[in-house]
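Naming follows writing order (A, B, C, D, E, F, G, H, I, J, K and L), and every chain is counted from residue 1.
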Amino acid sequence: MTAVTSTLPEPALRATGEALQDTLVDLLGLSLIGKQAHWNIVGPRFRSIHLQLDEVVDTARSYADTVAERAAALGITPDGRPETVASRFALQSPKDGWLRDTEVVHLLVEALESAIGRLRTRIETTEHSDRVTQDLLISLTAELEKQRWMFQAEDWPREG
Amino acid sequence: MTAVTSTLPEPALRATGEALQDTLVDLLGLSLIGKQAHWNIVGPRFRSIHLQLDEVVDTARSYADTVAERAAALGITPDGRPETVASRFALQSPKDGWLRDTEVVHLLVEALESAIGRLRTRIETTEHSDRVTQDLLISLTAELEKQRWMFQAEDWPREG
Amino acid sequence: MTAVTSTLPEPALRATGEALQDTLVDLLGLSLIGKQAHWNIVGPRFRSIHLQLDEVVDTARSYADTVAERAAALGITPDGRPETVASRFALQSPKDGWLRDTEVVHLLVEALESAIGRLRTRIETTEHSDRVTQDLLISLTAELEKQRWMFQAEDWPREG
Amino acid sequence: MTAVTSTLPEPALRATGEALQDTLVDLLGLSLIGKQAHWNIVGPRFRSIHLQLDEVVDTARSYADTVAERAAALGITPDGRPETVASRFALQSPKDGWLRDTEVVHLLVEALESAIGRLRTRIETTEHSDRVTQDLLISLTAELEKQRWMFQAEDWPREG
Amino acid sequence: MTAVTSTLPEPALRATGEALQDTLVDLLGLSLIGKQAHWNIVGPRFRSIHLQLDEVVDTARSYADTVAERAAALGITPDGRPETVASRFALQSPKDGWLRDTEVVHLLVEALESAIGRLRTRIETTEHSDRVTQDLLISLTAELEKQRWMFQAEDWPREG
Amino acid sequence: MTAVTSTLPEPALRATGEALQDTLVDLLGLSLIGKQAHWNIVGPRFRSIHLQLDEVVDTARSYADTVAERAAALGITPDGRPETVASRFALQSPKDGWLRDTEVVHLLVEALESAIGRLRTRIETTEHSDRVTQDLLISLTAELEKQRWMFQAEDWPREG
Amino acid sequence: MTAVTSTLPEPALRATGEALQDTLVDLLGLSLIGKQAHWNIVGPRFRSIHLQLDEVVDTARSYADTVAERAAALGITPDGRPETVASRFALQSPKDGWLRDTEVVHLLVEALESAIGRLRTRIETTEHSDRVTQDLLISLTAELEKQRWMFQAEDWPREG
Amino acid sequence: MTAVTSTLPEPALRATGEALQDTLVDLLGLSLIGKQAHWNIVGPRFRSIHLQLDEVVDTARSYADTVAERAAALGITPDGRPETVASRFALQSPKDGWLRDTEVVHLLVEALESAIGRLRTRIETTEHSDRVTQDLLISLTAELEKQRWMFQAEDWPREG
Amino acid sequence: MTAVTSTLPEPALRATGEALQDTLVDLLGLSLIGKQAHWNIVGPRFRSIHLQLDEVVDTARSYADTVAERAAALGITPDGRPETVASRFALQSPKDGWLRDTEVVHLLVEALESAIGRLRTRIETTEHSDRVTQDLLISLTAELEKQRWMFQAEDWPREG
Amino acid sequence: MTAVTSTLPEPALRATGEALQDTLVDLLGLSLIGKQAHWNIVGPRFRSIHLQLDEVVDTARSYADTVAERAAALGITPDGRPETVASRFALQSPKDGWLRDTEVVHLLVEALESAIGRLRTRIETTEHSDRVTQDLLISLTAELEKQRWMFQAEDWPREG
Amino acid sequence: MTAVTSTLPEPALRATGEALQDTLVDLLGLSLIGKQAHWNIVGPRFRSIHLQLDEVVDTARSYADTVAERAAALGITPDGRPETVASRFALQSPKDGWLRDTEVVHLLVEALESAIGRLRTRIETTEHSDRVTQDLLISLTAELEKQRWMFQAEDWPREG
Amino acid sequence: MTAVTSTLPEPALRATGEALQDTLVDLLGLSLIGKQAHWNIVGPRFRSIHLQLDEVVDTARSYADTVAERAAALGITPDGRPETVASRFALQSPKDGWLRDTEVVHLLVEALESAIGRLRTRIETTEHSDRVTQDLLISLTAELEKQRWMFQAEDWPREG
């Protein structure tokens, strides 16, 4: 007997669970690299990007919590331990040491773009497995697409 | 030339930098395992410990930020990326899946106790290398010792 | 002539209206039994569950208002009068008198589970009749599933 | 043995208990019909009365909680379940469907007047059985008499 | 090369872009006529409707911002300049000079009804082109339908 | 000549003064033993009761201030010095050292019950000597009876 | 037919009405002389008493509103027009021009003492005519007795 | 020697002092009649005008304080005692007893119009005697003209 | 008969009315182009200017409301409808599409400079027609001159 | 070419610039001597004047910022560096060491009186050079005259 | 086995425990005598010192809590029961009855000075036994030294 | 006899007093030059640095107050008068007139670096003279080192 039973039938449960677990890893990883850039950024846009990164981190942490609790609510145990995050994190990660502000802007555009692409696939999947989870992923995508735009708008004119 | 110069002389800088980097890893790891327990805990004390864990996570996140910015302020680049946290994290970590409330209480007592022991050593070290950093580690120790007490007080009577 | 006309065509209107009216009764009933348990609970988890029940009541009251105003917005008169709530309420209700904390936890898991099952059917129905109403029912389901998880997590280990 | 003992002697307890239970039903019923009118009102004073009704509902809900917890504090189990409220509610209740604003004003004046008359009797009773409960009923009466005045002042000139 | 690239493929992008741009014009126009009525209204319901109009304006302004930033997030440049709003605005607009309160109520019912009809079409379109945008339009429709109900409820009894 | 004259005649003043001074000692003592339990409690309900005790302390401190200032307002000098509190405190006091959570619950039920019994006598006395003071004692009794219920409800099932 | 009917029978109504009307005049007058002293005070305690007077004025204004609305709630029209306040005001009033701080302290002690004496008589009267009004006058007396003490405590040592 | 000397020369001081004293009486009187109407109003616009009157009262009280302190700041003693307000108040005052909502609207339009006319004369006078006082009277006029508009807009169509 | 009469004589009224109407159009236009730039800006100063533009928009919206209500208060109907704003707007407007951050800075300096020049003329005019309106235009000019400075300070060094 | 151009013509600019620069020095100096007195005051009115001085300092700092930014807005560079403040400060300054409370009161009356006299001259000057700046100086004068009154009212009776 | 183990070795633990327990008694005693003086003070500085005493009480209560929880965190049971506070309290205590304001000022200077002297010794002790506790005692000393200064500054000129 | 006696012995007092007085001058000077730069900065980073400078000024003002009150608490009179600040200020000061943003960044890095160097020496000194003062200087150093880092991070890449 499991501690928390599910309100979803089996195959829907598995598909939904995977979508939530993968999103959790993306968000926890994003919150760590967002802070890494927040601390190590240098350059004339230091203050402006330093503050903007904390908005990314707040978004990532807040949705990580919602996503993990959504998994638990469906009877699926979320896994956000350090080794899990490290081994499954698939977005771009910054290099060690100080980071030039322009590098940070590029990094965030890329990391957010990957995260969004992965989310759009999960929106498709959960359309059939769980509309409630799908709705959560849609809201998250809206937030990350807004963040992506704001970093890309900083990155102009850019070399093609 | 480095992006941020230091107000500390070389050997003091190295010792202080190590103390800060190691503390950062402890705190980021603690914030991740605190959330892991927050999501996966089950048992009659679910709500009470679920809420208490968020106070640990808030403390860990807030001090992680202060500690990393203290490193940057001394011209040392903090490293809080996923792989760094995973590979260097030295405190107790929960097993996968649902966690019984009594297990969570034990885990937190142990993890906090390890963190405190390591911090007390760093307080000694930084006495000689940087009084400003030492003061920060003292405040953090006070917070973690308070958290340790509250989890241990939950854990009574216990098997010897 | 009706006081408030509808922006929905007739068959869609009827299906949506029923979904909203039935949800309204579930929520008003839930708010009453949540308060009943809040006042009559006894046992070692008194304070913890007493507080948690007020979160259920707040959720139920707030969504009842939104659901009833959604009906009115579509030109359908919502009915939340005492006799209507009593005669149509279909979830589990507590017995008279003091309630042991473990009983309260079971009761809430069951009542929330019934409410969720009924909502999931209405999410199917309103997919075809009114996407705006569907979106509201999806948010409500997310909230109630979260509440259900938290009560079930309190209820462990339990007899199979 | 009862779960909660009383600080009042037996006959005083019974009289006080009845006064509190009857008041609880009046208030829960009032909160439901207040919301019913809030949702179904139409006419040129829609917005003004719609907002005023929420103040009645807030008063009724907040005092219902205080009254029920006062009963529990005296060792009496309050009963606010849907079927109890429906079967014992003795104030005026609105008809089904849209309600003209003038009708709503009349309804509230009448319902509040009945509630006040019943409370004034209970103030007499509790003078001898429990001064603490009496003080609570006095405050509640002051609130409802203020609400009654404001609805009656809206209702002028009126047909004799 | 464009300043902000899109996460949507081409045909979906065009359809979504049109839906957002048309919604932006509706909302900016609505905010202007809402204020116009707020300033020019006269009659015995002056204060009540004057206040209600500011809620419409707040809704319109806040969603206009979200809608325009959604367009930008998709790499589409939103156009909310005075001449664009004036030339493309398709809802009812008030006449010059003082406006009787009853006229204002009619005007708002009509303008909101048009806006809602147009939004319901765009909800259909974006179902296929962008679920994230569709979700935003659904929330906006819920808000405007609520506002429409409140103005129509004010408008009773009315000449058929 | 006294520094502050009284608005009450002599015998009423003496009776009222005694009621207030005795209540002051009860409340200051209660605030001290409440904190003692708050600091020394251990057991699985640590966090829940630890927090609840601070509500008792807040109530006791806030009413102690009101009661003492009421005495001063009547021209009677309140005495809340350490030796006065210690020598006249008549409620139950905890033993030295760690306190098991179940012990704390019992202690609070008993201490509050004694305080309430003493207050009910003073409500009788001040009915004849000063209605204004009586009203204050009635409010305080309501608060302490609510606290007593909540601790007793925690204490179930209990040995007869 | 009167605009607002009463929930009190005739003789009780008259006695209660007089008590409320007389209290209203005392409070409005007190608010005016409190402000007069606030503006015209001079002397080394200027700032301290200047601030304290605003607390008297706030109390007087807030209770004047409650008292007048209590009259209206009983179907009695309160009269707080300038000429009524001037012709019926019976408390001490300051002389024209600058006022020495010691004078202000004396004036307030006297004015508050008169107001309290008059209120204590009305508490007796309303015991028989309306317990709800009596409760309001008791609270007001508590407030004014607190203010009187604070001004008299300022006035020491004083000439006998 | 006076307690507070002036920063203005003599003739300017007298003219400014009169303007301020007369404005003070207008505002204190306005605050009293505003409250009188707030308490005694009846009719279908009761709630709406009842709330609006409190905004007039807040404006009048707040500016009365500023105006009186401006006088004191110039070394002129302001006089706001009951008998002064009653004997010098020159605006329209309501009749005794309940007031029909339409009457209240007319009364406020008239009273505000008189107050504004008197203020416009004082703006002329203080142009030459004290620009600082003039600036204060200009702000006050803006506020009262806004209030006048809102009451007159309520009063339409009206018999001409 | 007009709905709202004026407190100003005829020629003064016309001049004041024109000054207010023209200012209203400037401010509504400014709020639209400020938002247009807020949404379409790109370049390395994106975040900084994006945020600053919202301060311009807030200022413009808030003063537009005050200016329009000032007109209404004088009995003049303000006109802020889409077509009016579009046809009479005389400040610089941005081109369609993405806007480089440097362009946005230039645009705002120019638009604000035009608006200020026009306001300074109206300050002259209203000196003779209405001092109350003049005072409002002076405050607005102070705000816009502050905004102009901040954009021009961003624009350095610049080509002559 | 200057970094910030001016919206004022040359001679007006110079006169306005001088008025602003001189006011800036007065305010920065006042904020420093206000703090000096705040820290060094002794005597029975210590607490009361200590708090009042912080209100002077807050006023001085806040207006210094507004005045300096007004200068910048006109294209004039404000100068508030330590040496400028020290060499041009023309108001009374306290002696070194502890300051008796009566001395502090005298000092503030004198310093504020000088500041006000100088401001009144600048109000004359800016009438012709810049009405916007004049309006700012008028508001500041109102604040300082209020502060002067409050200190002088403390200083009574005083030796002639 | 003890309920809460310690992170400190034995001799350090005993020394630290004594320092904390003694500080706890000083602070609880100080909070009681601070309130005693707050209630019984008379004289021309009544209001000013009455308010200042509440700041002492707030400081004492807040640090008492921190100090006691620090003891618990180290595995030492704090003792703050009435009899303990009374028998071990070593600072100056006020006499019974009304207290002249000058007496209160002297009393506080003396009591705070004793407390500070004792704390400075404990700062020495804990330097060797526990740096974390030492840091807490240093912060507390800073607060009490600030309070001592403010009371002594009130006490000037004084008899040598 | 001095107004405020000291809790420190003589030589410790002198050393501590000098450390505090010198720090006070550094902080007051820093607050003045921070504001000077805040007002006079020009260049593409205007807004970002303009805002950051206000954080420096807030830190400097807040610590200046704490440092000066720490001196007073030890019986040492702090000196923060204009001439003292000007003559003893030893950090970098900006030139007159507009300041390029890059210049401002350099200036702040240098001024903060000097201030930090001076503080580190005083931390050494006060280790022996007063641990309480030392603790304050340590906190201040942490704040200024954080500010220094943020300005230096803005200043990259820089010429070596």
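Just so it is clear, a residue touches a chain if its C-beta (ideal position, glycine included) is under 8 Å from a C-beta of that chain, and two chains touch if they have at least 3 such contacts.
In UniProt terms the chains read A, B, C, D, E, F, G, H, I, J, K, L = DNA starvation/stationary phase protection protein.
This one's a predicted model, so the numbers in the text were calculated from it and none came from an experiment.
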item: Selected from B-F, D-F or C-D, interface repeating D-G by over half of its contact pairs; value: D-F
item: Angle, in degrees to the nearest 5, of the Cα rotation that carries chain C onto chain K; value: 120
item: Rounded Å distance between chain J and chain K, as computed from the means of their C-alpha atoms; value: 41
item: Cα-centroid distance, chain D relative to chain J, in whole angstrom; value: 59
item: Centre-to-centre distance between chain J and chain I (centres being mean Cα positions), rounded to whole Å; value: 32
item: Where chain D touches two or more other chains at once, by residue number; value: 3-4, 42, 45, 48, 69, 72, 98, 135, 153, 156
item: Contact graph of the chains (line, ring, star, complete, other); value: other
item: Chains that touch, pairwise; value: A-B, A-C, A-E, A-I, A-L, B-C, B-F, B-K, B-L, C-D, C-E, C-F, D-E, D-F, D-G, D-H, E-H, E-I, F-G, F-K, G-H, G-J, G-K, H-I, H-J, I-J, I-L, J-K, J-L, K-L
item: Residues of chain K that touch chain L when the two form their complex; value: 113, 116-117, 120, 123, 135, 138-139, 141-142, 145-146, 148-149, 152-153, 156, 158, 160
item: Touching residues on chain E, where the partner in the complex is chain D; value: 45, 48-49, 51-52, 150, 153-154, 156-157
item: Residues of chain D that touch chain C when the two form their complex; value: 2-4, 28-29, 32-33, 35-36, 39-40, 42, 61, 64-65, 68-69, 71-72, 77-83, 85-87, 89, 93-94, 96-98
item: In the complex, chain A residues that touch chain L; value: 41-48, 50, 98, 100
item: Parts of chain I lying in touch with chain H, wherever the complex brings them together; value: 1, 3-5, 7, 69-70, 72-75, 131-132, 135-136
